[in-house]
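Each structure below appears as structure tokens.
One chain, subunit A, links the two complexes that follow: it is found with subunit B in the first and with subunit C in the second.
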Partner chain A sequence: MKKTLSLLLLISLLLGFALGTAQAEPALSEDGRFPVETVKIGFVNYDTSAEQVLAIQSYFEYLQTAFNFEVIWSEALNSAAAEFAFIEQCAAAGCKAIIGYYNEGKSESVKLAADLGMYYFGGAVNADIYEPEKNNPFYVGGYISGAEQDENYLAGYAVGKALVDAGSKKVIVMSGGKDFGVEFFVKRYNGIMDALNEGGAEVVYEVPGWPGTEAFAAHQTAALQTEADGLAGTLTCMMWLQPMQNAGKMGQIKVAGIETVSEGLVGLMQGGIYVGAFSEIPDMFGLSIPMILNAVTGYGEQQRNPDGSAGRVKVLNWVITNPEDMAYFAKLLSGEGDERVFSIEDLKTVMGAYNPDFTLDDMSTLYSAVTADEIRARHAQ
Partner chain B sequence: MQARLRRVIRNTLITLAAPVIVYLLFFGLTRLMGKQGFGIGPDLRVIIQNTVYSGFIALAVSYNLTSGRFDFSVGSVLILSVILGGTLATQAGFGPVGMVLTMAVVGMACGLVSGLLYVLVKLPPMITSLGLAMVFESLGFMLNSSKGIRLIGRFDLLIFAQFPNNLYLLGVALVILIYLLNFTQFGYNTNSLRTGQKNAVDVGVNEKKNAVICYVIAGALMACAGAVYLSQYGYLAPQTGLASISFIMGAFLPMFIGGSLAKYSDRNIGVIAGAFIQACISSGLVKLGVSSSVKTIIDGAIVLLFLVYVSNSHKLILKKLQAQKKALALSDAQA
Partner chain C sequence: MKNRWETIKNYFPLLGLLILVVFFSIATGGALLSPISLQSLLNQVIATALVALGSVFVFGSGNFDMSLGACLSLSAVLGGMADIATGSLIVAFLVCIGLSLLLGLLKGLFASFVDVPLFIVTIVLGSLLSAFTLFILGDASAVHLKDALQPLPSFSFSQMSVINLVVLLSYFSLCLVLFLFMPIGRQVKILGGNAVTARQSGIPIKKVKVGAFLIGALGIGLAAFVILVRVRNIGASTASSMGTDVMIALVLGGMPLSGGPRSRISAGLVGATSITVLNAGLTMMGLNIAVIQIFRAVVFLVVVYVASMTYRTRLLPR
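Moving on to the complex of A and B:
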């Protein structure tokens, strides 16, 4: 009798352990997606044709195979008034949440969404948005840089350092909107300058502005007449390749910039033309989906800070200095094959419906592990 | 005969005077400030490149604006013709000339749609062109998975940013335009409509047909500008939300200068002279180390001053005529 009882106890313990460790399987919709009801989400956008936005759209399509959400994409909005109007339209269309990819209305946008009964994701990196609204229960938070310094400064620093490491001594710096006082360009520029100064490289020409203007073309031509052996960009440097070829400088000037990962860059890195790229990970914005679905399905409190304020998930982006990593990341973003930077299974680990014990730290751990080795290791598990 | 020759020489000199003066002004200024390189060698090539690019856009805008039709869709025509035409040409294996021609055909088709819509719906051109700009932008956005066109590294195709290929392209276009505007019925009609639309229509000029042809020409010219842009940067991304309107911003000064030089020369040549002036100003200010923000202010001020002058130049002529009349009357009275 004792033996039988012991055996039954052991079996029940094992069963309990198995059930406890197995991933929870929540109720699914008819087509097998979570949650049962479709969650409508509004996406506030400023440039519908931006490469990053297209990549986010592609990633959301992938996530929609497992998660039951629908996105209303805004037109290219360029003012707070247009943004507010879009948020109101989303509420009327039955949206449960807003993703603030673009935010001109600052904390007012969060307030408006909350007043209309919608959760708001985004802007956690911006104190003007986060601080006034962090205790608003409808504000789910967003991501911030996992690094100690500003993300844009680090991006610039990575670009400058890539050139220094590649041996460039005379560098052209493309400063973008720095002269117009655009904050992120100023930070990137400062990062580049610090890296170049530390590495003993000299700035031989500074090119302000963007392509498509006569002044930019004139600066570009003047810059290519110098003895430069490096080009550092506070934005993409792709528009330099053709002028370099025309000026007979292709191969003589090493390039590093803030780029979107692509197959084209793989070839340029293999050819030694590009030596470095800082790239934001578009799939990072996929974080919005587990955070919103958690909030909608009753796990919102779990992703907030211990003091109840909105969660800020620490993330890191890519600093790419070799073609192998570039090729791997390009493949991940292309959507070919099953592997993604953050797969559906990865996201399930930070969703209360699948993992009731998840924490905000788990989210930060997931979204900070972005090197090629870390991604491979995660997917090998 | 001699009087005619004198008039031709005088008009040629007046037409060339403004660009030459601006060129020499910046040449002298940059030398005085110890800045070398303006207007020679690579800098002259970039001035020519900018002249060609802005010149095409200014010409395209001028064919409609001078007849009172403000066309907001020209930027979207540039984008669509480059993305669609460029894609078709590369798929078909065309060379650079074939690529430009394909783009031009797409641009002309867009222009035809713009023109027909304008004459059929009878709405103000600003409204129809805004609507079409959105349509063309969206079409460009839908092609190639929204990635636009990327020909980076296709140096065999992207030849129209190189001297003298860019000049050849502009030269061919100018010959065609000068012929059309000065030696065909279309040209006579266009000029008569520009100077007095009601009178021209009253005497039998078909304004609608003329407008459609102007839109088609503008489409072809924007496609040429697109080919130059693509050759310069190697790629062109689609734009949405009427962002394509920014393409026409650099067209105003050349167009206004072209308009004021039209009475001394051909309007097309005047526009190119204006584009050259604008390119010299841009290059000169860059050489002088003027910052981007200050340059933007200077550009705006120049356009404003020029508009003030153009709008009031007739008053100077009237004043001069009155002074002559007064002097004549006084001399008659004294006699």
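Moving on to the complex of A and C:
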């Protein structure tokens, strides 16, 4: 009797488990992707050849192996009028959502997409976009910095600190658009200066403006004639490598800047030329896919704030100070192998169809865990 | 037989547009002709069509204006600033139209009294106006109507389509009447065909040139206002490609850029619609960006070849 009861209990448990599993697996399309019907999405873009855009395209192709969505990529748009035209064309083409990678029309772009019955992702970091439309049910939100301080200040601080930690005492600072009042350059510059001051390093030369001008080249030449042992950039420092080589300073000046993770940077870090890099994570924009699919499949409310306003997912970026991490991140972004910064399985944990209990906090937790150790730990599970 | 062929050739631009519509209707599974798409096409065609319609008078009279985009951008930015300062769309409308007419008058006077190739003057003027627009914008990249003194009426997608339709039909009717039934239409074509003949025929050349630029400027002013109301965020890059778009539209519409007797008012509308249908259709097909650009180039070549059959030897400005 006891054995029979145990057997019945086991069978019922197995049956319950099987049923439970079946409920967690949503209905799929004929080719095994979620959801059943293809979700068309318009992607508003301003530079079709930008490295970050190409990386996003590659990541979306990876996600498309599991999720049933198509993307209509805009051409290089440069005005709100062109952006509006693209949004309208997407509506006519049957798009269910717009990803605002570029937004010149501010909140009007969100309003137009909503007016045409499409969800809108992006712009959550921009008060001009977020505040007027945050209660619009078609606005799903986007991401904001999860850092306690300003992201651009922290980027600059990380760059300055990497140089100080590497022992640099006399530093060239490339200030970009700081003197033109460009806000994010000012913040990055302030971050660099604070880190250098705290570390007891001095600025021996400040190079203003953007590369590609005669003035910039003249400053660059003058800066390389100083006794600098460090270079801090409010933007990428790649354009310094050749002049440093020509001036015979390669290896003598350690470099840190705002960079895009690449195989090239791995070699430069291994060679001791680069000692630090702050990098945005292109795959971060993949957050748009679970948020849009949640909205389309009826789980949109769960990813909104408790007051009903559009969700703002907290994210962090990469501060890279060793070649091992750089190599690991470059491999993740290259698409080689199955491992990604945010894998398909990771995304499923914040999609209502796979995890009906997910919350907005779950999204922030996932997208804030971006160090090499955190990614490895997540994928080891 | 030859006359009949000549008559048929006049309809080639329209035929080209029809082929584009049929092709993209099939390629998009009918989406191109859906109600949303038709309203969208109207919203997109409006600015190019308004400027192109007026430009038929300017280019038709043998003048080559390279400052169309810069004039539109400055008019819209100043109109936006006026709107923000006063909270009145009427004031914004008057500023857009007034400034555009002023610039049109300036260009007309240059064309009439200064013996310098006008396309050079307008290239310089375009650069100057773009620089001035950046200067008055200062640190801001654009003017935003949300900053207006009083909240402005916000128009929905459908309401905007109705406004655009009314503005476009009104201006098209005006241009049609002026071009077909008023002396200036005939004078523009004669002047564009041969300035010496025009002078010897007693045509008031200076008045015609100024008049042509003022009619064109009205279209630019209307386009600036329509963009301002629709987009509500105007920067220096607004309508930056307008000059090129209008020239392509006129050629696609079957009009030689050198002007003259083959100029026709329908060229502005047919050409602008052709460009819009082409761009919208390619986007709606969801093609790769590179494929879109190759496809567009091939279509342009074919349509321009067909459309230019009536004026093959006179495509370029003299």
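The rule is simple: the second predicted complex is superposed on the first by the 358 of 381 C-alpha atoms of A that agree within 3 Å, B and C clash if a C-alpha of one lies under 4 Å from a C-alpha of the other, contacts with A are read in each partner's own complex, and residues count from 1 in each chain.
Simple rule for what comes next: contacts are C-beta pairs under 8 Å (C-beta built on N, C-alpha and C of every residue); 3 or more make two chains touch, one makes a residue touch a chain.
Since the structure is predicted, the reported quantities are computational estimates derived from the model, not experimental observations.
Chemist: By the touch definition at the top of the document, which applies to A:A93: first (subunit B), second (subunit C), both, or neither?
Modeler: second
Chemist: Determine, under the contact definition given at the top, whether A:T221 touches first (subunit B), second (subunit C), both, or neither.
Modeler: Touch status of A:T221: first partner only.
Chemist: So, does A:E108 touch the first partner subunit B, the second partner subunit C, both, or neither?
Modeler: Touch status of A:E108: second partner only.
Chemist: Is A:N78 in contact with subunit B, with subunit C, with both, or with neither (first, second, both, neither)?
Modeler: both
Chemist: In the superposed arrangement, does A:L241 touch subunit B (first), subunit C (second), both or neither?
Modeler: Touch status of A:L241: first partner only.
Chemist: Please work out whether A:T213 is in contact with subunit B alone, subunit C alone, both, or neither, and reply first, second, both or neither.
Modeler: Touch partner of A:T213: subunit B, not subunit C.
Chemist: Output check: A:T48 vs subunit B and subunit C. Expected answer is one of first, second, both, neither. What do you get?
Modeler: In the superposed model, A:T48 contacts both subunit B and subunit C.
Chemist: Just to be sure I follow: which residues of subunit A are touched by subunit B in one complex and then by subunit C in the other one?
Modeler: Residues common to the subunit A contacts of subunit C and of subunit B are 48, 75, 78, listed in rising order.
Chemist: Per the contact definition, I'd like the list of subunit A residues that touch subunit B in the complex.
Modeler: Checking each residue of subunit A against subunit B gives 47-49, 51, 54, 75-78, 179-180, 208-209, 211-215, 217-222, 224-225, 238-239, 241-243, 245-247, 264, 267.
Chemist: Using the touch definition up top, name the residues of subunit B that touch subunit A in the complex.
Modeler: For this pair, the touching residues of subunit B are 37, 42-43, 45-47, 49-50, 53-54, 141, 145-148, 150, 152-153, 155, 158, 161-162, 229, 231-235, 237-241, 243, 246-247, 250, 278-279, 282-283, 285-287, 291-293, 295.
Chemist: Please output the residues of subunit C touching subunit A within their complex, sorted ascending.
Modeler: Contact set of subunit C toward subunit A: 28, 31-32, 34, 36-37, 39-40, 43-44, 47, 139, 142, 144, 146, 154, 156-157, 227, 230-235, 237-240, 279-280, 283-286, 288-289, 292-293.
Chemist: Tell me, which parts of subunit A touch subunit C in their complex?
Modeler: Residues 40, 48, 70-75, 78-81, 84-86, 88-94, 104-108, 111-112, 115-116, 128, 132, 181 of subunit A touch subunit C in their complex.
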